[in-house]
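Beneath this line is the structure, given in structure tokens, with notes to follow.
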Amino acid sequence: MSDPYGDRGNKDLSIGNPKGMGSEIPQRSGTSFAAPGGPFLIGDGMTAGYGQGPDILHDCTIAVDKGEIAVIVGPNGAGKSTGMKAVFGMLDMRKGHVRLDGEDITDLSPQDRVAKGMGFVPQTSNIFTSMTVEENLEMGAFIRTDDFSDTMAQVYDLFPILKDKRFQPAGELSGGQRQQVAVGRALMTQPKVLMLDEPTAGVSPIVMDELFDRIIEVARTGIPILMVEQNARQALEIADKGYVLVQGANAYTGTGKELLADPEVRKSFLGG
Amino acid sequence: MTETVRNTLLFGVIAVLILFVGFQQSWNSALLIIAMGLISSIMALGVNLQWGFAGLFNVGIMGFVALGGLAAVLIGMPPTEGAFAAGGVGVIVALLMGAGTIVLAIVIMRRMQGGWMRNLSVIAVLVAGFFIFRALLDPSVARIEEINPAQTGYLGGLGLPVLLAWPVGGLFAAAAAWVIGKTALGLRSDYLAIATLGIAEIIIAVMKNEDWLTRGVKNVIGVPRPVPYEIDLQNNPAFVERAANLGFDPVEGSTLYVKMLYILLFAAVLLLLMWMSQRALHSPWGRMLRAIRDNEVAAEAMGKDVTARHLQVFVLGSAICGIAGAMMTTIDGQLTPGTYQPLRFTFLIWVMVIVGGSGNNLGAVLGGFLIWFLWVQVEPMGLWLMNTITAGMAEGSPLKDHLIESAAHMRLLTMGMVLLLVLRFSPRGLIPEK
Amino acid sequence: DGHAKEVKLGVIFGFTGPIESLTGPMSAGAEMAMKEVTDSGMFMDGAKVTSVRADSGCIDNGMAVASAERLIAEGVSGLVGADCSGVTGAVLQNVAIPNGMVMISPSATSPGLTTMEDNGLFFRTSPSDAREGEVMAEILVERGVKSIALTYTNNDYGKGLADAIESSFKAVGGEVTIVAAHEDGKADYSAEVGALASAGGDLLVVAGYLDQGGAGIIKSALDAGAWETFGLPGGMIGENLPKTIGPDLNGSYGQIAGSQGDGIDNLVKMVDGAFDATSPYTPESYDAAALFLLAMQAANSTDPADYKDEILNVANAPGEKIYPGDLGKALELIKAGTDIDYVGASAVELIGPGESAGTYRMIEVKDGKNETIGMK
Amino acid sequence: MVHSDEHMIVVDDLHKHFGGFHAVDGASLSIDRGSITGLIGPNGAGKTTLFNVIAGVLNPTSGKVYMDGEDISGLPPHTLFHKGLLRTFQIAHEFHSMSCRENLMMVPGGQSGETLWNTWFGRKRIADEERALKAKADEVLEFLTIEHLTHQKAGQISGGQKKLLELGRTMMVDAKIVFLDEVGAGVNRTLLNTIGDAIIRLNKERGYTFVVIEHDMDFIGRLCDPVICMAEGRVLAQGTLAEIKANEQVIEAYLGTGLKNKDKVGA
Amino acid sequence: MDLLNALIAFLNYVFIPGVAYGSQLALGALGVTLVYGILRFSNFAHGDTMAMGAMATVLMTWLFQSWGISLGPLPTALLALPFGILFTIGLLLFTDRTVYRFYRVKKAKPVILVIVSLGITFIYNGVTRFIIGADDQNFFDGERFIISARDFKKATGLAEGLSFKTTQGITIVTAIIVVALLFWFLNKTRAGKSMRAYSDNEDLALLSGINPERVVMITWMIVATLATIAGVLYGLDKSFKPFTYFQLLLPIFASAIVGGLGNPLGAIAGGFVIAFSEVTITYAWKKILVYLMPESLEPSGLVQLLSTDYKFAVSFVILLIVLLFKPTGLFKGQSV
């Protein structure tokens, strides 16, 4: 890593950390119930915001089905990450539902959703900086009870640099390497559905290609993939479904190809 | 409820509490609480400057307060007859020697190439310097301490007006803070914390054991006052008459009058400091501090000299604590090094800052008053509680005796309860940072 | 109840803090005297004496002063206390003198208090440590001790006492190999014991508190096999020490302010095991409270300004000797105009500026008990 | 080579070791005055580390850095800032409890309100300065299309918005040379184009020199003339983007040959 | 012979006390460091948690003693220890549920938790004194010495004695075992790793399926165990007195920090650094030098660098020096 003090900025981790320990995650203790039909994963009509703050998402819908890759694009601050977090139950959902595989999971806590087979790579602070690369991957497989050495070998195959650095604390890696660890961690879960928030931010072209390849492979095994991307053109090229979010609402929806072909979308969101 | 209304209300509650003490117990108690509340608020202000605005975790408040106390003695007390002649010069030479040794060691450290040669030279200088220092110091000290040890046995002070000790106390604390800051400010906060804690202990150790300077644990009593003595007032017919006109007997009148004077002095200091820090904080200087607190690395990259700024704030905040320390020794009328305990002089101040709301000067002041009030009033509250609980029990039953007996321990317990309750219902302090 | 009037005495001791375990018996002692007086029905036409306790924290000036103010506010007629010399000075200066309130401390023994300006308001039933130093030196010489190592609790009491012992012992030709402070309530005393043992000496004199660092030092020294006998000044004399240390302490000796015989025995009998009447400064506390009440009776007033001058009169000869348990009788005598000489539990004899002259009991630990083997 | 008018920055055989690991391992390069130099290379090549050494966040293990012919190795970042060397962070370093506007306003050095004395006795001057700063900050916010976040705490804005703020800070003062560490990562491509335009404008109109780390080849191609490719702590190749793109080593280590599975997906 | 005497004097007055005291500090520091490392705050209540645990054990010991149960040469308290641990676990879990959890959920700043723990300190402190009183309590029984100074002198005929107490022995052995166990647990087991993950990045731990409440619970359980063991061993060696446990806090924190906060190995190292610096710097080396030096060179003074008044100050100076050269402690601290 580039910053000698850890990415929290201020030089310390405890008493001096004025941010607190993180952001508050609302307490949920509900249960899931059957809600058959519909796509494999859907955040339906979500209206949500942070804490007591204003609504960030406005009746926003995101869905992905088995074997599909769905890509969310949009300007900075549109609410893409917020949408992902809402699907994962990490913020205050004011309206709408989240359904997974025929079950309504709106009231489940995030760790219950993990148990239901959802995997998520957040946009920021997405690795355990003080743990070694290998331990990071092990943590990815935390809920697995089977032998995961195969999966680990696959991850190392995919990101060879990580194999060299496996015993190094992940906090000492470069930006792109960290990103690889984060994605590797999520792959270790062998989730039923995989959610990635800008997985390719800061990775080199060659690794990005590898990564997209791998994502495609994973999707082909039937695992739905929901992904936010700013490398939108590459991402939409491999996407089955694309969402353009603007100010917390769905602005355009279509297949990847359709969106790529839409001149308005290209101009306003994909950089021409 | 707007913020102003809420804050006014909070201060109103304090006022009511104090009035209650005034009516229920005595006005002397009430005024004393105000006076000590003012001093506590000043300390809290200093800590808030360091922590709330700059994110410096100082747990050495006790040391700075004690240095302020030292100033009160060195400025206010009369010089000891013959002590300076006996060993004053020797002590000063020895101290200069000591300082010189350290400077020399630092110079060598800086100038020489790293390696065992350098380390060896530094150690040699330090060891040699230490022994010379001791050789120079010890005899002079012995001579000073020989002078009437039961009453003096120390150098004494300058015999100047004790009010002068307040700024000087600030200077003492500032000087110590500068040295500490120069060495320890680079540390991460938890480590800085223990470093300051340790240095405070060292300061207290010196004050307890260097009898030539402070009489050590034998205490200096009778530090002169900036205000008249009650006895003199009581013997002053004019005052007695004025008091009588107001409906006070001489004793009550004089004690209240003296406390009022102290309160006016303290309040003036608090207001001045409050004005200065509010101004500073709501200016680019304050903004820079907050930036540094949020993210040192980025602030550094944006051209802010983080180390220098930290040092500045650390020195300022500590100086404020030093001033408060001098004020406190002044109102106590004596310096008792043994009373400096981290619980009372460091952690209690921290509680004030946090309960009041760190990052907010008004909060610090509120916390200062509230916590001080509780510190001195929870004991009667605890006793009252125990009496109520045991009211129904048979006279002389062992349980009743045990409970009443334990009432004094209730102070800590009640204090803890109140602390938890306040933080429960306003976890960011009573007047949180905006 | 049938009492015509209520007289309040403030008891300001460190109920929390470093001597908290001493203050239980001390305050019980003081209250014992109050109860005795109340029960006698002889005091001020059957007035009832009640005690109002307040915490001095022993070492917290701010708290002590606030507590004392509160006691004044509650309308006490006198202050029994404070306990530790430091806070005693603070309370005296900031509360007692301005309010014209009388203080009788049972335990503040610092020599510095002897000369402190007090407007005739401060008394103590314990002697100044300066005296104890002389006594101890004599005892040491009598026992043929040539050299001692000396450790003291690092406060005005310990330091003052250590100074006194050191200078007195040197004056009679003894050698003091080392004088080292120890802090109370610390976790470990190996460093102190190491240094003391290294300096050596026939005897280790521990000028500390028996259930504080003092006990810790002795335990550590015994464990390391550095000394087998110890010199025990007043702060170290108490039931608890032989109890905690065990048989190893047998043979150690020292002295404590107090009187032999009737005074203390009476008190022990009266207390009847309700608390430890021989605990340090407990007899003195009883005496402090008793002195207040007797002086008030003598002045026939509870106003400090009136009775403060009677304290020396009732405390000192001439007159009929008064022991614990005799307070009722004493009140009667005073009313009858007979002079009394209060002896009390600690052989009260106030000298000069109103402090105890100091007779000392010589103590030796035998079979796990403190035994009085003579007087000084 | 050390003193030359055309080189703004000269890096001479620079090493930075972390324990036994050589993150920068003998890098030598120079940045031309007035250029927009691209710095590319595989993840972990040492680009950020190189930046950090130049900008004074890390001390070099050995080697020298010169700016305008002056040896600046080991100088602390705040000194370098005042010499006109600015940088952004790859992982956004916002001042999270301050509003976005304040994040910008704090940047300019030498504000008279940063001296304690003035805060008490120089209110007038401060007020004037503040007004100017505020206007400037608002202008930058508007340029970055985040004017609606003026009063929002910087800790509560989106990842990309933080990157914009990062960039915005460099626009608050007149810099000589600006080091941009992946400003583009996480920034919307349309907006990135605008940012690219701004960089070009600052370069042309104000004569800023830029060093840009980026993994987006389009962006590099649009902006940068000399492009330097690092690998394993050393300079692998240097030249125009076209030259670099054609370089076999660069392709193998960095660029790759594109998606293999691309055709196998989609409807 | 003289050489041997010097060695024995050194062992008896410097080495053994240092090791024993160091182990005591280390055991306390382990608890502090664990809370810091995983729950992310400096727990001021640790000293009083030790007091509470020790109190429970003392009461239990008395009960056993009154039943006539004993462990022979070993102190009966060891038998009561498990009950004390159970009590402390219950206590800490209760405290967490009623107090800490609220702030954890609110994601309060760590400093708030520090102050909250100060509040807990007050409460524990009051409760302890309320239940068992402020006095010294002796609950040691069994064999006092493994080797006593007197026996040693008799057996060897040396001028210097060597004493080694049962409690010192137990403390040292326990410290070694506990550290090894803890180290293994944190670095090798799944639960341990999940604790480290939680301490590193709570939100991400959540996303990995780690149950934060479980992590917190395990942490408190370990801390309770450590605190009780430390408190009881300390009480056995010295004596049980509520007030000293609060005083222990300072050297304990110093140990944890000098070793590197959050690092269990560091806690051990730190404990020894603090203990030995207290003992050695203020030691009067005369005794040892007298044996080693020829008669003519024998030191006249005590050869004491500083008087014992400064022993605490000295350990802090050492701490400062360590920190100046190793700013995160001897073993890189900050997380487990």
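The chains carry the letters A, B, C, D and E, assigned in the order they are written, with residues numbered from 1 in each.
Note that contacts are C-beta pairs under 8 Å (C-beta built on N, C-alpha and C of every residue); 3 or more make two chains touch, one makes a residue touch a chain.
This structure is a prediction, so every number in the text was calculated from the model and none was measured.
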* Asked: What is the chain whose Cα centre is as far as it gets from that of chain D?
  -> C
* Write down the pair of chains with the top C-beta contact pair count. => A-D
* Asked: If you average the CA atoms of chain B and of chain D, how far apart do the two points sit, in angstrom?
  -> 46
* Rounded Å distance between chain C and chain D, as computed from the means of their C-alpha atoms -> 74
* Inter-centroid spacing, chain E versus chain C (mean Cα positions, whole Å) -> 36
* Asked: Can you list the chain D residues in contact with two or more other chains?
  -> 57, 89, 93, 96-97
* Would you mind listing the residues of chain B that make contact with two or more other chains? => 57, 188, 190, 193, 208-209, 293-295, 297-298, 409, 411-412
* Structure fact -> Expected list for chain E, residues touching two or more other chains, is 36, 42, 106, 108, 111, 129, 134, 261, 307, 309, 312, 334
* Residues of chain D touching chain B in their complex? -> 55, 57, 76-78, 81-82, 86-87, 89, 93-98, 102-103, 105-107, 109, 111-116, 118-120, 123, 126, 129-130, 169
* Would you mind writing out the residues of chain B in touch with chain D in their complex? => 276, 279-280, 283-288, 290-291, 293-295, 297-306, 312
* For chain C, which residues are in contact with chain B within the complex? -> 15-16, 20, 24, 53-55, 59-63, 65-67, 69-70, 72-74, 85-87, 89-90, 93-94, 97-100, 110-112, 114-117, 119, 130, 154-156, 158-160, 163, 181
* **Residues of chain B defined as touching chain E within the complex** => 51, 57, 183-184, 186-188, 190-191, 193-195, 197-199, 201-202, 205-206, 208-209, 342-343, 347, 350-351, 354-355, 358, 406, 409-417, 419-420, 423-424, 427-428
* Structure fact -> Listed in rising order, the residues of chain C that touch chain E in the complex are 18, 20-21, 24, 154, 178, 180-183, 185-188, 190-195, 197-200, 211, 215-216, 219-220, 223-226, 240, 243-244
